[in-house]
Structure formats: structure tokens, C-alpha cells
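Given below, in the form of C-alpha cells, are the structures.
Paired with subunit B in one complex and with subunit C in the other, subunit A is shared by the two complexes that follow.
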Partner chain A sequence: MKALRLLRRSGSVLSPRTRPCCFIHQTQYRNPLPLNIFRLQSTAPAQYQSAIEREDDLEPGETEPTEDFFHNAPTQEERESILSQLPSPHPQHAHKSARLSALHARLMLPPRLPLETLARCLVDPSADIDPHFNNSSLSILGYDLLGLYTSEAVLCRHPRLPTEVMFAAMWAYCGPKTLAAITREWGVEVAAAPGGEVDPGYLQCKHIEAGNASVEGTGVQVKDLPILATDPKGKPMLGEPGWRRGVSSRTVKSDHFGDEIKRTVLDYAERPELRQEDLQRKLEKGVTLETASTNFVRALMGAVYLHAGKKAAYNFFKAHILSRHLDFSKLFEFRQPTRDLSRLCAREGFESPVARILSETGRKSRSPVFVVGVFAGKDKLGEGSGSSLDEARIRAAVGALKGWYLYSPLEVNVPSQAERGGNWEPVMVDGGEVVV
Partner chain B sequence: MAPASRIGAIASRTSLHTTSGSSYTCLQCRLLSYRAAQKSNSSTKHLPSRRHASGFINTEKWRKKIWGSENPPGQEDPYGAPGALDQRRREQGVEDPEQSAKEVETSVEDPDDVEEDVTPRGPHYKRATTWEGLERVGYRNWGKEQFDENYPFEGFMDPKLESREKIVTAVHRALVEVFALKQADFPLVMDYDAGDVFLDNVDDFLLRLAKEARFEIDATGEGHLVLEDQELQEIIVGSVTPREDADEEDEDSEDDIQYVEEREEDRNLKEGENSERLAQKEVGDASRLETSSPAIEPQVVEIESPAEFETSDQPVTDEIPNPSSIPDRLLPPVDNHWRNVSLRNPEIKFAVLKRVMQLTGIRIPDPDIANITNPKLLLAHLVKKPKPKKLAENLLANEVAELPNVQIWERRYTPIHKEKEIGRWKIIEQELEKRGLPATGDRIGSRSEALNV
Partner chain C sequence: MPVQAIRTTSTARNGVGAFILQCKRLDFHYCDHWGSSKGMNTFLRSPLIARFAAAHPQIQIHISPRPNTHPIIRGLYINGREKVICVRNLEKEQILQKAELLRDANGEKVRRMKGGRLVGSLNESVRGVWDPFHGGNKEIIGDRIVSS
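For the complex of A and B:
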């Protein structure tokens, strides 16, 4: 399979980074800026350069002309004042930040990933609304990549997992909480407030006000304010009354974790102004630290993919996401395991399961122990122990179900491996859980 | 009653309305009369020598009548000649003192007329409204400053050398010259006017001194100058012994001004002229040496041909020597033997010290001279130890500074830096300003200035 030329196709994500945004309107009357502030250093070649294919061995910084607008700004104070007006650190500052290089080295990122991009990954849309300077595009890409790699890793290794457990596993591997924990483990610190003077090595976002913070001058907590509880249209935002959604609808309409997608691509296509509205609201309200951290890890994933290719991206995923230990057997929750087991046996054409006592001790004592096995014909499906016969039987049924659902083939070739140059072998994906 | 009657008299003179029969005068009238009296008094006071005013008693007429003749004897005014002021006015052509007084009055009233009258001013003249930018005159030490501007102080020594390398080179040179003279058995007297050590075409000379002159210290601790060839010694000796023509000049003109002019001229000489002069000097010196010391061979004259000097001086014409730094090749030898050469011999020590003072312009205090026994101690007086480098400078020079994950700060990393790095400083500043508090200590002044403006 021929590898895709990523750099050629990534023009929309790595577009030349100029800043024609509100920042210019803010500042053009205050003090005239040097002209080439509008053409800031980019992590992608400019338009006229995008036709030239970059040499693969070259590092991006080597070929790019670095314009130094700082040399035009005469004094230190002027430079600082210009910088402090920027919503996020200037890309050129990426090379001066020890924090950023240390992070680059600590994560063992590929050398083809420039520091500027790493710095861009650390800028949340709530800090800098300009999509050329924040990590929104990269994080969308990273979100999809993480979903792809995680889902294939989970599904191919455990082909019979129920959908709910699958969603839970996805959440556990690359959900917001995990990614926020990963950010903390990587040693990424958060800036108190975003701005141009901030060290690029800090994660920058506008913090949402804490819910239990008291509103100034009153004893009211922020979360109790009526304004925040509803969106501009008057609909309640928090604690939205949902309705029960079936598993099958989740697989089709939800995100990777089975959650409802508030704004779908179709929504944005129908009403393009929605995107700007959402961004604006985010900019005003700020985001939680968890959201910002999630966006950062996703964006970094996307950046590694774009700059260093699929192999490096998968290695990065393996090193930081897949390496985390997840006990799948703890993710299950059965309401009526014995019934599920009998349905499963019926579906799979086994004999109906029968529970038999294997051994017991202290039946008359204060703490008896029964060991019960579940048999389908002559095959023992599972075994469980408990202080009562029912408990032991249910445990045996749970064991039998887990044994079925947690089947894992010995050798697995995930589909994306073929893209990275491996051989394509179709993987077994089972029918999933029984529907009771 | 007496004061009232006096006032009444004044009032009658100034035609006041007083009630007949009673001596009472109302307050208003008293005030008026008082003012009138004041006014009349002041007018009489200001007018000079009323006696000469027209309309006063004409004494001349009475004199004529008394004597019965047109030309009565005696002075025109027996009670004194007209006052000195009147006399001067008459000389200046002002006929009437009253008229002049009037003129003064009008001039006071109308200053514009004065402006036109007094002195012609340039087209750019603008009347000053404040004292800003005007020349200050007559303050304390003003006179001295005026004098110093026109007669600046000129010390007896040359301006001091600043660069450490230059001073070390100068000491080495002095040492070599003195020892060369000593070895040639010449009196240790050197030509003071050696030109600017580093600007004139002594490059080659210095280079050879630095490279080829070495000192060896024998068992007794005495130093000896070792030169590569005899020729060099001759050049050295020739360059420092007093010139005959210079002596003649000195004898001819002992006037200081002429001497100063001479020196300035020397300094302003062009490169080519310089080389010629030097060559001539060398020739002269050589011939002088020939006469003074029979040991030196006459070939020297031919060796020191002007052509050779021109070629050797060629690079100097191309590059303008930088006075602040001298090239490495002109530095004294790295080997530090010469620093330990003994200066215990007072004759040598005196010669060296004198020569060093001539070359460097730095005076060594007399009490310290006794303690100087070698060039090392001498240098300790002349040059300061280079300032030790700061830790940050050392670190920045180190390869550690090139590591991307290392940041070296030259200044203290203050809490403000920390807050700026995480972006909190602007918020802190905002909040402090909202409360009218200064963000940092040094901004208090600037804040108050801003408020005043």
C-alpha cells in the first residue's frame, strides 16, 4: 500500500500563520506595529512555498526563512509591549523557552516536530481565538486519530466486547480525564492567564470560573447564578434533561465515548455562524483545565502525525496511551448475569447453562463457602464462589460471561498496521453482546 | 491744635473746602490733602536742581541790576557750578533736564519704543519670556569656569593609557630600551618625544621587540636582555637616545609655545612623511652612534636604508590602527620572564620608571617607588586586575548555554519575572492600579509624574 504524502495534504492545518484577526484592530490605532508582524513565523511553509516538496531528512526549521520582527522593534520596552498585546506567545519565542525544549525532549518527540508546533499545541482556543495560532485544528485531527487507534486496539484485541464496555474502555484510554492526567504526568504546567508575554512552555487557556466561587460582593455562588444556568436562547444548559438512548443509536450518533455530540458537522454546515458563536462563548466563559489538557494531548497527537508521519504517531500513541494498564474485566456490570448467560448460550447454540455445586464448606457455620460451576453440557463455562448458593451461582455466571466477552486472539493485526506497511489480515469482530 | 492748623494751611494751599471758623477737617479731605502733599513732595524730589529751572528767580537779572552793567563780575552761579549730571547731559546734547525726565517717563510707559530705539537686533531676535535657555552669568565659580575654558589645564605628562594591553606593552618596551642602553654602555637618558607609541609607525619596531627581545635571569637574580641580532639593539638604542637636531631645536627655541606647536606638527605628520622622518632620524642616529661609539660598524647606515623602512611600514598605511586595542602580534611575549627582572639597581629602576611614565602617562607615587623591585610590582601599580567575570557570563560562554533546555539569566530571577512567565503579572498590575497602589517600588516616582502632567 502506497503511503500517503501527508505534508502535501496538510496545507489546511498547517497554513501560513498570519494574524489578521481582532488583534490588529485593537492595536493599529494605539501604536503602529512593524509591518511584518502580520507575517509571523509559521510551522508550515507559506503559500508560495507549499508547492515545493520538503526533503524528508531536513528539519523544518532549516529550510524556513525566519523573519525576525523583533529586530525591527527598537527597544526592549516596545518589544515587550507588542508581545504583551498578542493573545498568545509569539512563535519565535518557542526557541527561547527552556520549558518547551525540555518537554519536547521528555516526551521523546520526533525531531521533525518543531518547537513552534509544540508551542501551538499548548494554546487553547479559549486563549487565542485565531485558528492559525491555536490548537483547534490539530486537536480535531488528534481526536480522530486517538479514536481510530484506541478503538481498533480495543476491538481487535477483544472482539466480543459489549458496546457499553467498549465505550467505557475508550473513555478509559483516551477520555478527557485520562488525557488531563497524562498532561499532568508529562509535567505540563498551566499559565495563570494567557498572553503574549507568557512562556510558551505553559499550557494556555482562559480558566472558567469555579462553580463554587462566590460572586464579588454577594454571597451567591457562580453556579447558582441564573444567567449561567441557561444558554442565550433560554434553554437550560446544565443538567439538560436527556432521554434514554439505545446502544445502537449511540454507535451511530455519538462520539467515541458514547456521548451525544452537541454540534454535528451537519449543524455547522447548515449554520456556519454557529461555529463562531461557540468559539465566542468559549472565549468569554473560559474552559476547564480538563478540556484544555484534553485538547493539548489531542493536538500533540495530530501534530506528531502531520510532522512525523503515521509510524511516529502510532508509536507516540503506543508509548503514552496504549501503555496504560486497563483491567477490562472491571468494566463489566451485569444486571441479570444468569439470564444473559442463558440467552448467550441460546444464541451461540450451546446447551442451556446449568449451575452445579463443585464444593462447599461450613454450610451450617456462620461463614459458609460454596463453589458453583456453570456448565453447558459437559463444558464448564465458569466457576464462582460465594457465601450463599445464589451468590456463587451468579458469580459463576458472571465469570462465564466475562470469559466469553473477554476473549482475545493470540496474534492481532490491527487495520492501521497495514497502512504503516504491514500485511493486511482481516480481523475477527464478533456479534457483541446479547440483547435482552 | 498745631497739627490741625498745619493741615489747614496745606488744605488752603491745595484749595480744600474747609468750614470757616472751625479748624476741623474731615477725614476725606485730610487724606486728599495728605496725598497731594505726598505728590508734590515726590515731584520736587525727582526733579534735579530746581534752581536752574526756567521761571524760578532769575538771579542773573538781579545781578545785572545790582552791578549796573551787562557783564557783572563773578560766576554765573556763585553757589556752585551746575551739577555733574547736568554737565554731562549738556555734553550729550540734552538741553532741558525736565524734557529728558519726561522722555524717561514716556519710555517707561511704552516699552516698544525703547526696543526700537536702543540696539539694532537680528531678524531672529525673539524676546525671552522665561529664563529658560538664557546664558547664566555671574554665579559662583563662573569666573573660574570662563577662565578655564580659554586656558585649559595642561599637565606635564601625556594623557594616560587606558588599555591594559597597551600598558603592559609599554612597560616591556621601556624595560627593553633601558637594558639595551645599559648593555651598550650608554647613559640611561632617553628621548622624551617618542611620538604616540601606538599610532606612529612603530608597529614593526614593537613587533620585533615583542618577538625577539627576551630576558634571561642569571643566578644572582640580575636580568639580561637577549636580542636575536645586533641590528635590533642598534635600532633600539638609536630610537631612544636624544637626537641632536632635537637638542638644537631646544636650544634654539626655549619658548614653550613653539615647542607645543612642534609636537602637534609631529603628530599631524602624514604616514609617508613620518617614515621619511624616521628613516632620516635613523640615519642621523646611526651617524651619531658612529661618532660616539667606535664599536659599531659603519655598515649600519646602509642596512637602515629608507627603502626597507617603507616596505616594512607598508601595512600601516592600509589599516588605520585602532587606538583602543592593539593586535595580538604586538603584545608582549607570553613568556613571563621579563616580569621578574630585577629592578634593584636604582639607576635602572629610575630609568625604567621614567620611561614608563613617559610612555603610559601614569605617575607612580614616590613612596611606592621604593617598594617596586621588579616589573611585576610595577605593573601592579599601573594596571588593575581585570574585573572578575560574573557567573552568568562564565555560564553563557560555556557550552551549557547552548543547550535548548537551559536558560541562563543575567539578572536575578525575581517574583515579577515568575509572575510574568505565567501571565499573572498583568492581572496583578491591573488590580493594584484599580486600588491606586504602585505595582513596584520604583514606579512611585513615575506615577506621581504622570499625575502632575
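For the complex of A and C:
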């Protein structure tokens, strides 16, 4: 497989950025170092950001009045007031933050990932709406990468997993709740409020107001406000947003976890103003800590991919996400396991399953135990024990179904290893669950 | 209804993939006047502290005066707790040992491990839970257990 040229594609992320407020910065926050004049968001290390690059309109021949710098050097208060005008910390400050470099070392991030980018990953769109300075673009990339790596890891290890369980496994590995937990376990602290003067080592987002906070002047809680109260409309109809479709259509039309996508690419293509509206709403209302942490982990994944390449990104994924513990057999919930098992046997061409008592004790006592096996012809498919015959039979059927669905091959190859320099080998993916 | 799924989260196993050092920050406090800070002041001027900081880039090191008190080292941990050790009248090597102790701690309260279960596992046992209905059945004859 041909490898993608990363640098060519990531140029837009890796180049220095400025914005109007950086010019305010330039005029007010004069400093002898040209680097400090404008705000660089960037991802290449600072020393490579050439000192010759200039933001002003001076002709090359003209010289700046350097002596003015020293006479008009801003006082500490002036600097602070200028910094607090910025919505998120100046990228220049990334190298001054002990918290940020400690985080970089703690996560054992590749040295090619500069601190500026790590700082950018920590800025949520609700803190800074400018896409050049927040983590929105990186988190989109990270979301797709996490989805790719997790889905192939789950599906290649358990090729017969039912679709619903597959979605649940994806959610368990890289769902928002897990990513929020990962952020906590990494020791990332959250800033009380975002701003330019905040240490760049903090996760910055605008917090959404708690549902049980009381609205000022009234005795009402936020969640009880009429605009937020749930619609008494009832279940959504076919085709309306929120309508639950079948599992197979969800594999195509939903996100990685089988949930409905609120705004699809098509929506944005039809009404481009929607994107701005959504961002504005986020900026005004704020986000939950879970959302901000999720965006941070995804953005970091994307940043590792862009700066250090595929191998480093996969290693990062393996070290922090895939190494987590998940018991797949606890994700199943069967409604009628005996019926599912007989349908499965019919599909696979086994004889229809029969339950037989293997052993029992204390039938007439208050705590009897029955051990029941489910047999297809001479093969025992599963076994279960229970205090009634039905309970034991159902447990045996569940055991047999789990034994089938949780099959795992001895040697696991994932398709993306071909991208990282391995050989491409086709993987077996089975038919999945039975349709009943 | 066909098979449904239950949403849970995966649990972290620190050290299986990446190892995250649980100590986030170490604060060293000293006093300029009190004699109990003598060892701490030599420690802070010696290359020991610089070497310690360079060896542990994942720990933030803060050094600040705390006048007219004994010198202390405070460790802050990922779980939000903190541990404080008073290092009055200690030599610089002893202070380094205390710093290493704080580095290696995970911030949990010190508890006695009870019940002899010092090693825990999230994985199911390979042999399974013992049950009386499988394997060789035994008979008790007199005071002896015999396989039947």
C-alpha cells in the first residue's frame, strides 16, 4: 500500500497563524524580540519560526525604531491587560509553562510534537472560536483515527461480534465517557475560565451552567426553564430526527458508536451558515467537561499523527487506549437466548439445539442446583447451572451464544499495519448476529 | 428483540500500556533563618535537586520560602490528594530519599492490605471457579476422601 505524504497534507495545520487581535498585540505589546510581536500558532518548534518573518507593513528597507522598544516597554500590568484580551493563551507562552512540559513528559509524547501544539490541543472551541487557535480541526482528525484503530482492533480480534455489541465496545474504548476518564487519569487540570492570561497547561473551555444552578432573582433551576424543558411531543416518527433506525442502517449513517449524527456534512454543505451558528451557540452556552476532555484526547491523537507519523500515532493509541481493560462477555444482553441459539444453529447448518440435564442436586430442597448442557447432535455447545431447570437452560444457551460470538483468532492482523510498513493480509470478518 | 448491548467504559491499567507517574508536583519549602532548614538549604544548592528534576521531567518542581517554619516537601498527586513530609534537621541525602519516597507514592492513603489478597487481577481465572458438579467426584469413606 502506498503511504500517504503526511507533510503535504498537514501543511495548513503546521504553518504559523495570526489573527486581528495579534496585531493589537503587535502594536501594544512591543518587545525587542520579533518572535514576541505576533501570535504564532504553530506547530513547528519556535526556533524554526524564522525571526525574519514579520507581521507589519514595513518595507524591507525600512528599519523599525528599535530604541522605542526600550523607552515604551510595557509595564507588568499593561502586559497582563493585553494578554487578558486574548481568548486563549499566546502560543509563545507554551515554553514557559512547567505544567505543559510536565504533561508532555508524563504522556511520553514524541519529541517531534512541540509544546505549542500540545497547548493548542488544550484549547476547546468554546474557549476560542478561531479555528486556527482551537483544537477543532485536530479533534476531527483524531476522532476518525480513533474510530479506525479501535474498530479494526475490535473487529479483527472478535470477527463474529454482533453489531450492537461492536458499537458498545467502540464506546467503551473511545467513547466520550472513557476519553474524559483518560483526561483525568493523565492529570490534566481544568481552568476555571478560559483566557489569554491562563497557564497554557490547563484545559480551557467555557463551562456550561449546571442544571441545578438557580436562575438569578427567581427560585427556578436552570433545567426547569421553559426553553430547556423537554418537548412533550412523544416518539419521533419515521424520517424525523431522533428516529431510531435499524442496526444495519446505523452502521452507515451513524457515528462510531451507533448514535445519530446531529449535523451531517450534507447539512453543512446545504446551509454553510449552520456551522457558524453552532459555534456561536457553543461559545455562549459553554460545553460540559466531558465534551471538552473528549475533544482534547482526540485532538492530541490527531496532533501525534500529524507531527510524528502513523507509527507514533498507533503506538500512542496502543499505549493509552487499547491497553485498557474491557471484558467483552459483559457487553451482551440477550432477550431470548434459546430462540437466538436455535436460529443460529439453523443458519450455520448445525442440528437444532437440545437441552439436557447433566447433573442435579437437591431437587426437593429449598436450594436445588441443576446443571444443563445445550447439545447440537453430539456436540455440547454450552453449559449452565441454575436453581431451576429453565434458569439453567437459559444460562446454557447464553454460554453457547457467547462462545460463538466471542470467537477470537489466534493470530490477529489489522489492516492498518500495512500502512505502517507491514504486509497486508486479508482478515476474516464473519456474518455477525443472527436476524430474528 | 435480537441481542442488545450494555454500554460500559473500559478500565485503565496503568503500566500495561503507558505508565503514568502518579506524582504530579513536588513543592520544596525552606526557611533562611532556622537551623532546621540547614540540610534543605544545602540540598537546594547542591546538584542533587537539579539531577532529580532532570531525571523526572513529568514532575513539576516548585521551590519557595516558608519563613519561620520547618522545611517540608509536599507531593501533589493525580488523584487530587497530597502528601507532606517534614524534613527538619535532615541531611541532603536524607532529603533526597524523602523526595524519592514522595515520587514513588501514588497518593492513596496508606492502608493495611488485608486478607492476604495482595495481588488482584481483572482477568478471569484460567481454571474457572471450582464447582462440585464437574471433575472427579469424591467419596468420603471414614476419615479419607477417595476418588470414585
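The rule is short, and it goes like this: the second predicted complex is superposed on the first by the 363 of 436 C-alpha atoms of A that agree within 3 Å, B and C clash if a C-alpha of one lies under 4 Å from a C-alpha of the other, contacts with A are read in each partner's own complex, and residues count from 1 in each chain.
We take it that a contact is a pair of C-beta atoms (placed from the backbone, for glycine too) under 8 Å apart; a residue touches a chain by one contact, two chains touch by 3 or more.
This structure is a prediction, so every number in the text was calculated from the model and none was measured.
Contact with subunit C, but none with subunit B, is seen for A:325 once the two complexes are overlaid on the shared chain. In the superposition on chain A, A:202 makes contact with subunit B only, not with subunit C. Once the two complexes are overlaid on the shared chain, A:372 sits clear of subunit B and of subunit C alike. Contact with neither subunit B nor subunit C is seen for A:344 once the two complexes are overlaid on the shared chain. After overlaying the two complexes on the shared chain, residue contacts for A:105 are found with subunit B and with subunit C alike.
Once chain A of one complex is fitted onto chain A of the other, the partner contacts of A:145 are absent, as it touches neither subunit B nor subunit C. In the superposed model, A:303 lies in contact with neither subunit B nor subunit C.
Put subunit B and subunit C next to each other and count what each touches on subunit A; the higher total goes to C. When both complexes are overlaid on chain A, the residue A:95 reaches subunit B alone and has no touch with subunit C. When both complexes are aligned on chain A by C-alpha atoms, subunit A residues 98-99, 101-102, 105 touch subunit B in the first and subunit C in the second.
Residues of subunit C that touch subunit A in their complex: 1-14, 16-18, 20-21, 24-25, 57-61, 78, 122, 124, 131-133.
Across the interface of their complex, subunit A is touched by residues 404-407, 419-427 of subunit B.
In the complex of the two chains, the subunit A residues touching subunit B come out as 84, 95-99, 101-102, 105, 115, 189, 191-195, 197-199, 202, 204. Chain contact summary for the complex, subunit A toward subunit C: residues 98-99, 101-102, 104-108, 162, 164-165, 167-168, 171-173, 175, 177-178, 181-182, 184-187, 318-327, 330-336, 340, 358-359, 361, 369, 371, 385, 401, 405, 433-436.
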